[in-house]
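Below are two complexes that have subunit A in common, paired first with subunit B and then with subunit C.
Let's turn to the complex of A and B:
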């Protein structure tokens, strides 16, 4: 081993220690806890094999929470992309005050989750909410407060999550849009392509790889999102918005069972791992197509 | 794992910079983990800290506030990390569980110093195996708050029974006014409110042997009554928890609300509004019973400053100091001892004066009907419909409060039109399973 290589390795040590301490150790600890029976207020634990996993999977709300989590994660993703992409396309055009408007677009992303959730909850509140008042006044056929509605609660939490996070999509898409060669559009115009054809044949394929990357990231973040649902509905009404992170919370702080909470966290970890692999394969396939 | 826990403990310890500095100077530091976040009350606590340090040279108290919804997580983090905890301000369900798990230090000598067990009012001491492990600092009981103007205009007297409260809610409910601000979410607030109605209907979650007995016709009737009342609450009551009912009442949208201390903050911020509000005992059906809950002060057994911790608890429960707290928030902090109650009668606190006789004639006597299902499991006699003291501490009430299965049964009846008997039977079955799981995981 050369001297430079040794120095390089020594310089890597602090980083390796950090990664081991902050990432690897907690993961091992959670996996270890998943096989043990341990109460929240106890440091003593007993090895119970797969009992926690069986208990979690057979729990009355597991299937409901699992499907709610997919609906919430992909519903939020679709809405975030659905809002983010048109705005990014718009902000990619030249128009007056474009720069300050780009800045303003970031606003909701900069607001902490708790502020965003409480603000929307307040605005939809039956007692004090201005949006609630407008909906009641206008007679629109939607509940004035979606968070208390069996049919609309999930729509409500997806909407707030999408509102909070769509600027992330705007930023990423805008950055990618600015890398597309203008000559492609000019050539397409010369060939008589319509605006839709230019979008479908040039813009969308160029965005596809980055869409898959942000899709993967946002899926993971949406999947693990706790704050929005907890603050708006606490998983209700009647479990309509109960997602897996809330379920983990309920096991640990509701049932005082670290073991079952850890078992569910491990299940979530593997679901996300599988989804990440799928995304990655799709990404590689997309990259291969454009080589 | 023990090594890892020690590192976590060390990290937590290191975070307490103030405490660390004090330790370095040889000062006995007590960490007081309080769930009080009301600025006015925190100011009182800070004044106590100053007074305690002055009276006990060589000591310090680090006041750490965590909201009610967070404090259990904070306590659990300390326990899991193996970090020493001192004095905590916990909810009764958690206090009972901690006591039964052997994590708390006995406070018998503190109680003796404050005049002995007899000096304390009913339902103020958490006793396990004849040792006091926690003292109730906020033995508050829910009351029925109502708007006098609406009741007078409709010619309705304050309701005292289920039938009367339903009739009043129905008569006053309109597009602009909610008949009664009741929470209908799947949360602790709905569970406690529905649980109170369960008791008023002469039934309980547990018997004296801590078996779940929820699957009963009285429980079905109570859940159905609660679900029925929700039609006179807000359209979004299905998402309501602790804060929304008093908010609806404060905003003028609700004609009635059942709450513990809904008026204390309003009394301080807008005393004029209070003149239009009446307070009555919560309604009864087969019997009169209401919750007496509160915030318990306890000392962890692994505290490194046990004696100073006890001195601190004794200090905050002295009649003079307790009166400061009660004076600021009379509905939330009723006196814990007879001496403190007497001290309060001569208090010149504006809030106490504003409540006047209501406090001593209506609010505090409600504790007589108060049932602490945690201190006296099986204390509601389902045969005679009377309350009794059993002294059996129930560590599984936290399972009822956190699983919210009875609240879910109410929701299913109210919002899905489920059959009440089936909804309650399912809740009872699941609750029994959860309790058994908790029992197996307890030491």
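Let's turn to the complex of A and C:
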């Protein structure tokens, strides 16, 4: 048995080395950078204590990008769930060609972010866009090119993020829906329950735990999302859609201030750490309940 | 994903012209419900496919028609000029090669290391599964922008910015957590008795691993490879930060540069590039749809 344990230890070495090199060391480095004044390409650095943290938190863009991030993360989550839940309920029902439709529904989740951003930008563009043309033609009170509009840019990026990621919700909900015992519905029918009562009393309670967990997971991913906003608006117009990842990117690769960018990244990391702990607690609680 | 419903067969056998009006009403209601479901499904397909269809249609339009108002849905004069331009006058062929290379390196390495690690954890049990799962989860949750900064610095210090190897190694932070999550249930499901039997029959531990574990876990291996390949293929942030040399770009970065660097871009060219960037992903999906769906949900539902 001791020889076996030795074999096991040796087998774990590659992962341990990689986790140390690719996660632990970079995190230590980013934390230490946060306490230094450090240019992007310069070798010398000076220890400045908490000055970087103070300067980023007091920077005029910080509150704006923090609130933008929460609006973007929770707005996207609401829309992703709002689209995902009815579609999952629909695809759980029986109708012709259901299996291929389930597959095609995943396409938007599979295509690269650049493709998703490019096609929507193209369709809303002023000179070439088909949706832009339809909106102008129909006279609806929404801007034909939302990504350049002060009030609608955030709605636009949330919409594209929801389009890209709603199939994830559908997959998870569908998997859960299929575990519900069909006899429950039959018993409810015998007792004369309406469709709404069946949804409210059977479907929703069994989806709720997974909704909490997926909601948390998706919130964190939305929080971290860089691509959608960067490709569609680059944080504009005048910072209306600038989320924290873009704000960090601008500090580091726009102003070449690695130290301040690192300080911001550490702040984001702690926000996410708190969210992850909550996620983990929820996850364990739901696991415990359903064992 | 498919489930068969016992009710279906019975329903079909039921004569549609049954005597009682009540049964007829019920049948009409069922037909109406079916119609609603079909309508809903068509709407879902429209939402998902409209942008992709529009991209495909536009990539074959001559430049004049791209700016035509009202926009035509199908072009009367389809042309391959954007694809030809992309192939002959841009570096996109190079970008495709680069991306295949980088994704290949990081996905293969990710799957092999995950296979070894999960095997060690499930067979020797010295790390509590809880610690393992939580650790992987943390890596999974790390903001890419947080890691992008130190990675930029590390590769800069090693003079390896603009290296595809450096990019591939960096992508291990993405591929490893995914393949660990996806592979674990597959390997846990293999009964230990199977290997023990092989070892009693004279196999070494390595032979038992190769002849028992690898074939048994093969669907999981395919699932992790295909899934992480798509994730890496689609990745943008790390390549944006680590690659500035035009010849070393990945496909995503190439398209992003087309969108971002020029204010008046050739939409035909961008659409053609988008189509070509989508083809490998959908091809892999067609090839391994079932495994990929299991991968998609892996992080969220399976423990």
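The rule we apply is simple: the second predicted complex is superposed on the first by the 277 of 291 C-alpha atoms of A that agree within 3 Å, B and C clash if a C-alpha of one lies under 4 Å from a C-alpha of the other, contacts with A are read in each partner's own complex, and residues count from 1 in each chain.
In this text, contacts are C-beta pairs under 8 Å (C-beta built on N, C-alpha and C of every residue); 3 or more make two chains touch, one makes a residue touch a chain.
Values in this document were obtained by computation on a predicted structure and should not be read as measured data.
Peer 1: After the alignment on subunit A, I want to confirm one thing: do subunit B and subunit C clash, or do they fit together?
Peer 2: Aligned on subunit A, subunit C clashes with subunit B.
Peer 1: When the two structures are overlaid on chain A, which partner does A:144 contact: first (subunit B), second (subunit C), both, or neither?
Peer 2: The answer is first: A:144 touches subunit B but not subunit C.
Peer 1: Looking at the overlay, what does A:67 touch: subunit B (first), subunit C (second), both, or neither?
Peer 2: Touch status of A:67: no partner.
Peer 1: More subunit A residues touched by subunit B or by subunit C?
Peer 2: Of subunit B and subunit C, more residues of subunit A lie in contact with C.
Peer 1: In the overlaid three-chain picture, which partner chain does A:124 touch, first (subunit B) or second (subunit C), both, or neither?
Peer 2: first
Peer 1: On the A-aligned overlay, A:254 touches which partner chain: subunit B = first, subunit C = second, or both, or neither?
Peer 2: The answer is first: A:254 touches subunit B but not subunit C.
Peer 1: Report for A:41: first if it touches subunit B alone, second if subunit C alone, otherwise both or neither.
Peer 2: both
Peer 1: Quick check for you: in the superposed arrangement, does A:29 touch first (subunit B), second (subunit C), both or neither?
Peer 2: After superposition on chain A, A:29 lies in contact with both partners, subunit B and subunit C.
Peer 1: Using the touch definition from the top, say if A:19 reaches subunit B (first), subunit C (second), both or neither.
Peer 2: A:19 contacts subunit C only, not subunit B.
Peer 1: Does subunit B (first) or subunit C (second) touch A:234, or do both, or does neither?
Peer 2: It touches subunit B and subunit C both.
Peer 1: Is A:194 touching the first partner subunit B, the second partner subunit C, both, or neither of them?
Peer 2: It touches nothing on subunit B or subunit C.
Peer 1: On subunit A, what residues does subunit B touch that subunit C touches as well?
Peer 2: 25, 29, 40-41, 125, 127-128, 234, 252-253, 258
Peer 1: Which residues of subunit A touch subunit C in the complex?
Peer 2: 4-5, 7-9, 11-12, 14-15, 18-19, 22-23, 25-27, 29-30, 33, 40-41, 86-87, 90-91, 93-99, 101-123, 125, 127-130, 133, 137, 163, 167-168, 171-172, 174-176, 178, 182, 210, 213-214, 217, 220, 223-224, 226-227, 230-231, 234, 245, 248-249, 252-253, 258, 261-262, 265-266, 268-269, 272, 275-276, 279-280, 283, 287
Peer 1: Looking at the complex, which residues from subunit A come into contact with subunit B?
Peer 2: Going by the criterion above, the answer is residues 25, 29, 32, 37-45, 55, 60, 124-128, 132, 143-145, 147-150, 153, 232-239, 250, 252-259.
Peer 1: So in the complex, which bits of subunit C are touching subunit A?
Peer 2: So the residues of subunit C touching subunit A come out as 1-3, 5, 8, 34, 37-38, 40-41, 44-45, 47-52, 54-55, 58, 66-67, 69-71, 73, 113, 116-117, 119-121, 123-124, 126-127, 134-135, 137-139, 141-147, 149-154, 156, 169-170, 172-173, 176, 205, 230, 233-234, 236-237, 241, 251-252, 255-256, 259-260, 267, 270-271, 274, 277-278, 281-282, 285, 289, 293, 296-297, 299-301, 303.
Peer 1: Using the touch definition from the top, list the residues of subunit B that touch subunit A in their complex.
Peer 2: Touching subunit A: residues 1, 4-5, 72-73, 75-76, 79-80, 82, 97-98, 101, 103, 178, 184-187, 234-241, 244, 247-248, 251, 253-254, 398-399, 402-403, 408, 411-412, 415-416, 430, 434, 437-438, 440-443 of subunit B.
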